[in-house]
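Could you have a look at this structure, given as structure tokens, before my questions?
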């Protein structure tokens, strides 16, 4: 079982790098959607005895991260007539190399960190850290507003990966609430993105620098 | 009893302005009503203070305060002594204000002025009876802030706004320094209450830190050089009776603070006294030098406050050294001079500002070079101003001389007794003499430029004598100046009750002095009458003009030309800026000459420094240029930085280093 | 009692005589016969008889000036011992009062002068005040030396204590410096050559005379008399310091004192006839040198 | 009871969505404010109601924050009603709904004893306040909202990660994972040090972003600058104190786990850094609303410093939460009025406010004096006490820096404020429509009265409340 789990995680990490590397925003969003779905599956593998709350939780996660949120974003993209380039500050190749480096170092680092007996941890923790940092990379090195949102999603995914460590500690309501918050925030952000497009006729955050010292 | 009276007085004065506001627009007499409330309460306060001068110290708890204990307010001779000028000038200034800042003439500001006048006086009263950090700071800030509002009365003038800002910043620096002082005090003594520290409890380093914090904090408020930079501007741009109370009374709160701290701290090292003495001499000398260079009558008076603070500090320095070398006589003489000069200065400086105020009120001008001949148009003001001028120059038989006499004797007596430490004190005496001479020169200049001769410019007519409400306070102050000058021995009792030594009269036989000065005054009057009313009536004529055909009033010696000699003598510190048109041909047409002197500290050091700081800070703006990516990057950096603190470097990397 | 009477009469009557002596000396050195010795007295009497001419710009200050000046100078003189005869009044710190009474006199002379609104008087006042700012501290330095020597703070004791008894090689030099300083101060305070020219007729160059241009009649008389008394006081100060009087016998001491003071006025007369007036800027330097002489004397003593 | 406190505002928010009239709708806000305040008072007088279940407990600390925000909200609500009457030109449906719902969600922040729930509700406050910032619908306000959302969401995400770390530290420590605050407090000793410290850092950064501690403060000047003054008041008084509450929670856990030295080091660093940044950017600040934002950064720094000094300074710190909230409210509301009257927030155009708007101008000046620690106003007591305690705890250098920064900030702020308040009124703003009305001026006066009363004679009941909180924070469980 653990092998399946680990291979899924590896796929997720690969998707990270793919997302860093890919050129068109739509494809990035699709990649993130797939990543979301995989994330949703993980808890089901993690525990043999399936309990109703967990099933509910992971189903919601799959639907949210995999379907609803990407739909929202794509919809936001749909009625915005802009060129679908990602426009990174640093190029695709360097950023994907950076991602790879981060991944490696995260794994190195995680060997140093004390972990409790279990087995999943030594895979989960580096994966989580990696995904979070990849999210940061996308947040920091992308000009397009929408791709920053993508970065935020990746960040959230990383945190979700970490939350697998304490699956029984998180009550269902809390998990639901978190997903709801995520959804609402993405929703509002997309609305704002819309407004940005209407106001500036572009999603380039370089336009959003009038407020400064 | 006395304390209760004073509390009543403080509350009354604080509320006086509120009453006026509550009365609303319709009531006409509310200014008078407010003034009457102030008067009644200040009379109560004076009574209380005089009782307090001769009764032993009282202190008791006051209203509830979070997380503190001990006595909040109290009264001892020192506080009572300083309370007297507060209430005196507070009352007289209120009367003066009625005439000077009429409600009918300044509808917008006169209410505000009276309100904050009350707050100012109340604040000073509170800080004087405060025996606890909080009540003290409360009074202190109430005073400082209401003073700021009062300075800002005429805020349409950019000049006024500038000086108000400088004042506000200066006073806040002193407040924060006091925060530091009291925090350190609490750290050292573990208490918020003003209780003397015993000998040898604290380390010398801690004591020095405390002393220097106090010196800066209180020195800023007292306006000692080089911390006087806020003073000339603020005192010049405030309404005159406000300037009077600011430099007559408020500066003394700094002195009070220094004296109080001196009483709280154990025996000082000789360093402290020496520093106070030096600072005092510098303030005195430079204060008067800069005063001579001024053209603006109120700026000039303000610089004279710096000078007098210097004289007061010299007295205080003697007292500090006296404590260091365990010489009760020095302490007695020094404190006597210091305290008496505090009173005297508050009397004659307020008198002079009132006088300048009447001149301003009738001419609307502050520039000395265009005035002249007002002595004939406003004789009463002229007389009072002359008395103030003689007094501030420390010339007998007026009060300024008495306090300076104490200080002189304090400075010179050690030499007479052959004390080993006398040299420093002795060398200060001629400095004081020089200060006196310069002050006299400066006031000859002011008095003659304003009141003597004839108008130097047409646009200061018409001139009228000030109303009674402005003259009466001046009369009272002038009378007090003469009284203290002629009968100093009665004041001496008060001083002795504060310094707890009955030696002043044994050292200086003031009775003889008083007798002779009285005789002197009388003989002046007699001789004057004889001269004035001798049978041969004098013949009127023009001033002797050396046969020049058409003498005009603009040929008179102006204040500037008067001060020129000094300006040359002290050019090394004054750096006066002169703008004049070149005389190129034989028959030059219109020529102009204009000279002014920049403020020593403010214009030459602080302002450039402030600008540099601003530019340096604006450099950091580049880190906040509106790119959300960067902002997120900052967050990441913060996380990584803090996380890096967790890394146990030794156990991770030492292995690699080892092998 | 008898001493007091002599003291007062000498003090009140003698001053004008010194001016007579000075003028006589100058006249002889200039090869003239000169006015009689008692001429100053006649002048005073004449002035007091005269009628006044008052400038129309003046106020009461113009009257008060000469009066206060004269009274102040006279009271100052009461603090000054003449030779071995004690001062009329003397108490601790009276020399401070002494100096400040001169300041008072100066104050009123100057404002009375400014009252006329004349440019020349203004000049005179400005110069007078400027120089006084240097003279006063110099005077205090000189007094400090005597305080240190005598250990007392009242003029009588300070000056009369037999200085030469206590003189030795390390306080001789300072004493000489102080005496030089004092003599410069004497010349400056009484506005004699080389500081000021008492009998020039070019207003621009004068100090004291310029200040009293507009005074006439009794007022001028008061001023003149005050000037005489001032000269008398300061020279008696110098005299008491310089002239060696060992005898405690009243008559001898008086004799010594009078000869001394007359000699001083001779000297001044001689100085006036052999020297020219200095430029104003030079005057400042001269006064500063006096100031520095006295100051360094104090330092040498106090170390 | 808590349910009422949460549900009623949300219900009223739904009502607001359906009410048609732009003119009537704003009056829902005062209604909410009054109801909520009454409920809060009722809670204070019936302490037995403060325990619902292991998730929802109102402990003394929560009480203070709740009371604080409830009062702030009450006063602001009346102002909001008045303010919206001046802004009828643009629709206030969303604004009112969010404004009303905000207090309900915030109540949950104070009640929640489960760190997960707390995180959810704080995130929710972020989201609910975003439309408020966007109210002016200008391009600048869009930009401000965007930055507020992005920076805020990233920060809050880190806070979530921190929460997980905390729970995980329990697992590593040997007990079973939980997000229950009380549980973690009980087993504080057993938590794993490394993970706990990491959790502390992440939570500090995360909630610090919402508090606006430097260097996570960057959204603050933009948001406060572009949002209406009323929103600034709510943000700087409400949201920040909620985040501060969260930080006190984690501080308490670390305290029990014996990590006090570590936390106090980091907190002192961040607090001083915030003050430094504030003083740098306030120095020549022409925009008085951005200036207020930086001043808020400064005061967050002061709170954090107070927390780092530790138990002795907690009283002053909690008092400072209240004092600064009230003063900030006064400043933001008055700045809003001035902004409205001058149609500018740049000191080049805005001068002589004290003549143009006697009440707002005066109170703006007083607010400046109060916030910079001038007696007799409340912030003086708190700031001075924090300083005293810092010295007493031996932080001599930190204390001196604190004074220095306060001085620089005073200079910077003073220059700007004096420009705004004094001087001549420009010709073109004399006849702008806005004048101080009852609803827009009285709230300021109410704040003034509060900070005066708190500064001169603090009511014993409040002292009691604060002491309770201090003892609760201090006592080891």
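Per-chain numbering from 1; labels A, B, C and D assigned in written order.
Here is the rule we use: contacts are C-beta pairs under 8 Å (C-beta built on N, C-alpha and C of every residue); 3 or more make two chains touch, one makes a residue touch a chain.
The structure presented is a predicted model; accordingly, all values stated were derived computationally and were not measured.
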Original post:
Hey, which chain ends up farthest from chain D, C-alpha centres compared?
Top reply: C
Original post:
Most contacts: which chain pair?
Top reply: B-C
Original post:
Just how far, in Å, is the C-alpha centre of chain C from the one of chain A?
Top reply: 101
Original post:
Per the centroid of Cα atoms for each chain, what is the distance between chain B and chain C, given in Å?
Top reply: 37
**OP:** With chain centres taken as the means of their Cα atoms, state the distance from chain A to chain D in Å.
**Re:** 31
Original post:
Between chain C and chain D, what's the gap in Å when you average each chain's C-alpha atoms?
Top reply: 78
**OP:** Note the residues in chain A that touch 2 or more other chains, in rising order.
**Re:** 139, 148, 205, 208-211, 213
Subject >> Multi-chain contact residues (two or more partners), chain B >> reply: 618, 620-621, 624, 626, 628, 630, 632
**OP:** Find every residue in chain C that makes contact with two or more other chains and list them.
**Re:** none
**OP:** Just spell out which pairs of chains touch, all of them.
**Re:** A-B, A-D, B-C, B-D
Original post:
Contact residues on chain B for chain C in the complex?
Top reply: 372-373, 375-376, 379, 382, 386, 390, 393-396, 401, 404-405, 408-409, 412-413, 415-418, 422-423, 426-427, 429-431, 433-434, 436-438, 440-441, 443-445, 447-448, 451-454, 507-509, 512-513, 516, 520, 523-524, 527-528, 531-532, 534, 536-546, 553, 555-557, 561-566, 569
Subject >> chain B partner contacts - residues on chain C that touch it in the complex >> reply: 50-57, 59-61, 63-64, 67-68, 71-72, 75, 89, 91-93, 96-97, 99-101, 103-104, 106-107, 110-111, 114-123, 125-127, 129-130, 132-133, 135-141, 144, 147-148, 150-153, 203, 213-214, 217-219, 284, 295, 298-299, 302-303
Subject >> chain A residues within the chain B interface of the complex >> reply: 89, 112, 136, 139-143, 148, 205-206, 208-213
Subject >> Residues on chain B engaged by chain A in the complex (per definition of touch) >> reply: 618, 620-621, 624-630, 632-633, 636, 652
Subject >> chain A residues touching chain D - in the complex, by the definition given at the top >> reply: 113-116, 132, 139, 145, 148, 152, 155-156, 158-159, 162-163, 165-166, 168-171, 173-174, 177-178, 180-181, 184-185, 188-189, 192, 195-196, 199-200, 205, 208-211, 213
